[in-house]
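Common to both upcoming complexes is chain A, partnered first by chain B, then by chain C.
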Partner chain A sequence: MLSLIVLGFYPLIFIVLTALSESSLGRPFQEWVGTANLEAALGDDDVVASLLRNTIYAIFVSAASAVLGVATALALFRSARSGAVVRTLLLLPMITPPVVVGILWKLIFNPSGGLFNTVLSFFGYSGDPVSVLASPTFAFLGIAVADVWEWTPLIALLVFAALLGQDPELTEAAALDGAGGIRLFAQITLPAIAGTIAAAFLIRIVLAFKVFDLVYIMTAGGPGQSTTVPAYLIYQAALQQFDLGRAGTITLLLAVVVTVVTLPVVAITRRLHHD
Partner chain B sequence: MSFSPRRNSRPRTIFTAAGLAASVSLVLAGCSAPAEDSAAADGDFTGEELTVLLISSHEGASEWLSTEFEKETGARINPVIVPYDEIGSKLALDQQSGANTIDVAAPWYVSLGDLAADGAIQDLTEWVESDDALDTDDFIPSIYEPYSEVDGKRYGVPFDGDTHVLFYNKEILERNGFTEPPATWDEYLEQAKTITENEKADGVYGAAIFGQKSPLILGASFANRLAGFGGEFLDDDGKPAINSAEAVAAAQSLVDINDYALPTPAETDFGAGNSAWFAGKVGFIENWTDLGVRSQDPESGSEVVDKWGVSFLPTGGDNTESRASLVAGFSWVIAANTEKTELAKAFVEWAASSDVNEALLTATPPTGIDPNRISSLESDSYGTEYPELQEANRATLEGALAWPTGEHATELAQILTDELAKLLAGEGGTAQETLDGVQAEWEKILGS
Partner chain C sequence: MIKRSSRLATVTVGVALLFTLLPLAYLLSVSLMKQGEISAGIVWPSNPEWGNWVDAAASRLPRGILNSVITSLGGAVLTLVIALPAAWAMVRYRTGGRTLAATILSPWLLPPIVAVVPLFTLLRVLGLNNTLAGLTIVYALANTAVAVWLLEGFVRKLPVELDEAAQLDGAGAFRVLGSIVVPLLTPGLVAVGVIVAVLNYNEFVLATFLTQGPEAQTVPVVLSLMLGERLQDFGKIAAASLIGVIPVFAAAVFLQRWLVAGLVSGSVK
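Now for the complex of A and B:
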């Protein structure tokens, strides 16, 4: 109970109170302002756009991670006896600090000699250097690639563990009945691991909503506002502008959005586990 | 090295943002204490320790200060180094949380108003005005006021002068047929465009533009042009004046150079821009005057030793008077809850002294410190080692463009920076529309 209060209720109450008050970093709760902070945030195009942007981003990178993670897990499962080294290497992106991941991918996308442009040149591209992270259209895609690279191994390992936990007799029986390839996967393997995939997807989507380090390092929310996510706005409001009221309000709005988006995923996960 | 002749100067203009609304009742402890005499800084603090919060760019200076202050007083300095954009929040949280581990800090001068309103720093007015040893008349006036004063009270003492000037690579200019650096932003664009068109295939570009979305980076690039076009952040009454014709021209100038700069301005922070400069890959870079010290230091990785020149910031529009731009700059402040106020004052008095500033200007390895005093700026040692930098820094003697410094000043700077980033990314409409939006936001905060 104590841990619930310390880890759950206290931060939540603190955030709600800051959202309802004029609060600065050094002097929280100076004045009760009711819903003024909320109205200001909802009237701020940058805040609303960041919430929408983050939702699209989270769904996209989570789906990409899920597809790639499952594919990787299946490949590992089929080569399980020789995959120890590969499984260890898979952990590398996940255990690399996010700041380092951001620096690494920023260097890869660097228009002045980065790996991405070097590869393009290798395949015959001779135009101006491509600046992925300076493009309002592609910058978020660049961050998404780094994010997927970093967290896909998590899904792969979770699904791989689920594959190992399958009843081998079931798949052997299906194989004897002539099932194989995609049919075996779709009718036997996938139902067996669907609950794990859904749970992994849930974890992944929450992680994607929390993305901050990669944005901070790779684009600082730019170009323009094209990669600004709520977490970055919260950082700016709280630690650069000392405005805890705005930071608390955006945090609450983000919490609402995350809840709305993840509720169906939670329901699906529960249903699949019960099935 | 060469130097372009000085252009006319303009009267000093100082801006401070209006409205310090919060009480400062928590920050007065220790301010009524008698002023330190100079002898106190010469050995009365043996065995004591002072924790000083500095940004990473001042790490070299912190080492010099720690060593020399211990020699002077016996007191040990414990430097705490943080990224430049975290020093304000680190200090505020340290004081608000009751940890109180920080005694002295050197934050960005623009944050003084917010730190004061948060009760994180002491009101130093009485001490500053009564301590003759501080010799405040010797501070460069255009630096002293914004770096120390908020709404008539003194919260800081200047540490790092930090004015931007225009550095140019003489070899690159000569290769492209230019014998003089640009005097106007139009000439600057023309020269940068020519260089980029001629040499980008070899990885050489006309200019490095600090365009990453940060007030100290993109905001600085805009402020340089605002100063050149003769604009202001606020008018004489402290009201926003950020959508003036001069400001719009400054923003447009930034848009115009975008396509000819080191790819890409949006990704160019201090590290990327300075690296390109030291590698001899850009014709121009706007930077603090201490870049010249590092450009002459091969051990800093400079490949442009003796290949660079420095000029005043260009002018633009109807304005023909070059003006310094105080885009960064850092002040000593004393933490509100420190129990070592006397030692902190002794340290600040010593660290802000003319002798120390002069020594830091020419110290090796380079310390990143620029002049904050008239005497150090005009010192023989600085003039002998870096005559061009000395001349460029004299622009501050005649007035400078400073950011607003009152409460909410950091928010003002962030709003401007965010909107400029949108403009450069093609998301913000025209320069006029962008700055009209900033003006409206600023008026909500400061009043119209």
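Now for the complex of A and C:
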């Protein structure tokens, strides 16, 4: 109960109070300003753009992770050769510290001598070295690749476990009745694992909205604002500009956006689990 | 079930393995390169050298690993101590009904950066800023909700008759918890403990803003500081990253079964 208050409610109340007041890091709650912070944040293009950016990013990386994760899980399930060693190796990205993931992909995308450029030139590319993380267009894609690499194993693991948990008699009966290949998958396997896929997708979206370490390590929000996610704006507001009112307001806006985006997924997950 | 192996499946597993391991192999390769080789665009050094590993081992890294291990294990044990009675009460006595479980998990939806300022203020008041004790307490509380959520799945599978039998014999709630639930739940506790310890070990945001000196800085913080140095030594950073992940990778290899059981129990209930 104590932990609930300390970690759940204390920061929440703190955030709401700061959002409603003029607060600095040294002197919080100087003056109550009502909705002035909210109006300022909603009128700030950087804030609105970062919320939108993170939403698109979350949907994109979650979809990519879901497709790759389900494909890997199905392949693991159908391949007789994959033992415990292969499964452990496939899980490694998920337990690698995000800071190391960031360092790793920063080295790969390093314009001077990184693996990405070495591979490009191996395939005949001969122009200037490509600097993925310094490009306003591609920097976010670079972070997305690292993010997908890190979290696809989680989806693969959860879906794989659901595949193992299927009722084998059902599959056998369907196979005996002549269902095979795609039909067996679409009518028997997919319905059995759909609930798990939806739940894994939900977890994945939330993880994508929480991305901070990768941005901090790989691009520091740049170039320009092109990889600035709300979590990074909150960091800048609170710990660089010492404007807690602004940080609290962006936090509340982010909470609203995460809720709105995840609600349909939550509804789908519930329905699939109750069938 | 007749398990048919398909060629497509084997190829897909192969591609997944390649995509998973290639970046890690490249990290190893860079850690064995000399400064000039890193910018030369080669895949593997012609003369692998361990100099970067020696440099990394002579830095603040070993202290960081010690700090990480202390805070992640200490935090995990404290988390279990808090989370087990909570999960048990929520399953057996329906404490808080359906809403409590969802409510305590809701802060997990937000990036941890939002908790930094309030926690910083709190630790300063308690005099625990920049200490291992402070960071351990923060970790213990930060993962309690996730641990409750994961443990619920394990507690649900325990037969309720055992509790009832013990109660009929006159055991109180805490006695039942200590002598019946804990021994039966050991696999679940280990599984959730491993997950929470790994989460703690990998945590960066809270560690970097709640610690200011080498006596409390953890592995991710030490690595980010190396990246922030004016002359970035990529070879040393790569070596330090690999040394830093050894504890979690070792945990994954030796405790894989529990790690998997814990993750699966949370999502499939």
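By definition in this document, the second predicted complex is superposed on the first by the 265 of 275 C-alpha atoms of A that agree within 3 Å, B and C clash if a C-alpha of one lies under 4 Å from a C-alpha of the other, contacts with A are read in each partner's own complex, and residues count from 1 in each chain.
In the analysis below, a residue touches a chain if its C-beta (ideal position, glycine included) is under 8 Å from a C-beta of that chain, and two chains touch if they have at least 3 such contacts.
Computed from a predicted structure; not experimentally measured.
S.K.: Is A:71 contacted by the first partner chain B, the second partner chain C, both or neither?
M.R.: Once the two structures are laid over each other on A, A:71 reaches chain C alone.
S.K.: Pick one for A:89: touches chain B only (first), chain C only (second), both, or neither.
M.R.: second
S.K.: Report for A:98: first if it touches chain B alone, second if chain C alone, otherwise both or neither.
M.R.: Second partner only.
S.K.: In the superposed model, does chain B or chain C contact more residues of chain A?
M.R.: Touched residues of chain A are more numerous for C.
S.K.: Is A:226 in contact with chain B, with chain C, with both, or with neither (first, second, both, neither)?
M.R.: The first partner, chain B, only.
S.K.: So in the superposed three-chain picture, is A:112 touching just chain B, just chain C, both, or none of them (first/second/both/neither)?
M.R.: The answer is both, since A:112 touches chain B and chain C.
S.K.: Once the shared chain is lined up, is A:239 touching chain B (first), chain C (second), both, or neither of them?
M.R.: both
S.K.: A:42 contacts which: chain B (first), chain C (second), both, neither?
M.R.: A:42 contacts neither chain B nor chain C.
S.K.: Based on the superposed arrangement, let me know which partner A:56 touches: chain B (first), chain C (second), both, or neither?
M.R.: neither
S.K.: State whether A:260 touches chain B only (first), chain C only (second), both chains, or neither.
M.R.: In the superposed model, A:260 contacts neither chain B nor chain C.
S.K.: Which parts of chain A are touched by chain B and by chain C alike?
M.R.: In the superposed arrangement, which is not itself an observed complex, chain A uses residues 25, 28, 106, 110, 112-113, 238-239 for both chain B and chain C.
S.K.: Name, in rising order, each residue of chain A that touches chain C in their complex.
M.R.: 3-4, 6-8, 10-12, 14-15, 25, 28, 68, 71-72, 74-82, 84, 86-93, 95-100, 103-108, 110, 112-115, 117-118, 121, 149, 153-154, 156-158, 161-162, 165, 168, 171-172, 196, 199-200, 203, 206, 209-213, 216-217, 230-231, 234-235, 238-239, 244, 247, 251, 254-255, 258-259, 262
S.K.: Give the list of chain C residues in touch with chain A in this complex.
M.R.: Checking each residue of chain C against chain A gives 1-6, 8-13, 16-17, 19-21, 23-24, 26-27, 30, 38-43, 82, 103-104, 106-119, 121-122, 140-142, 144-145, 198, 201-202, 204-205, 209, 219-220, 223-224, 227, 234, 237-238, 241, 244-245, 248-249, 251-253, 256, 259-260, 263-264, 267-268.
S.K.: Given the complex with chain B, which residues does chain A contribute to the contact?
M.R.: 24-28, 30, 46, 106, 110-113, 128-129, 131, 133-134, 136, 219-226, 236, 238-243
S.K.: How about chain B: which of its residues touch chain A in the complex?
M.R.: 22, 85-86, 88-89, 92-93, 95-96, 114-115, 117-120, 200, 203, 212-214, 262-267, 276, 281, 408, 410-411, 414, 418, 421-428
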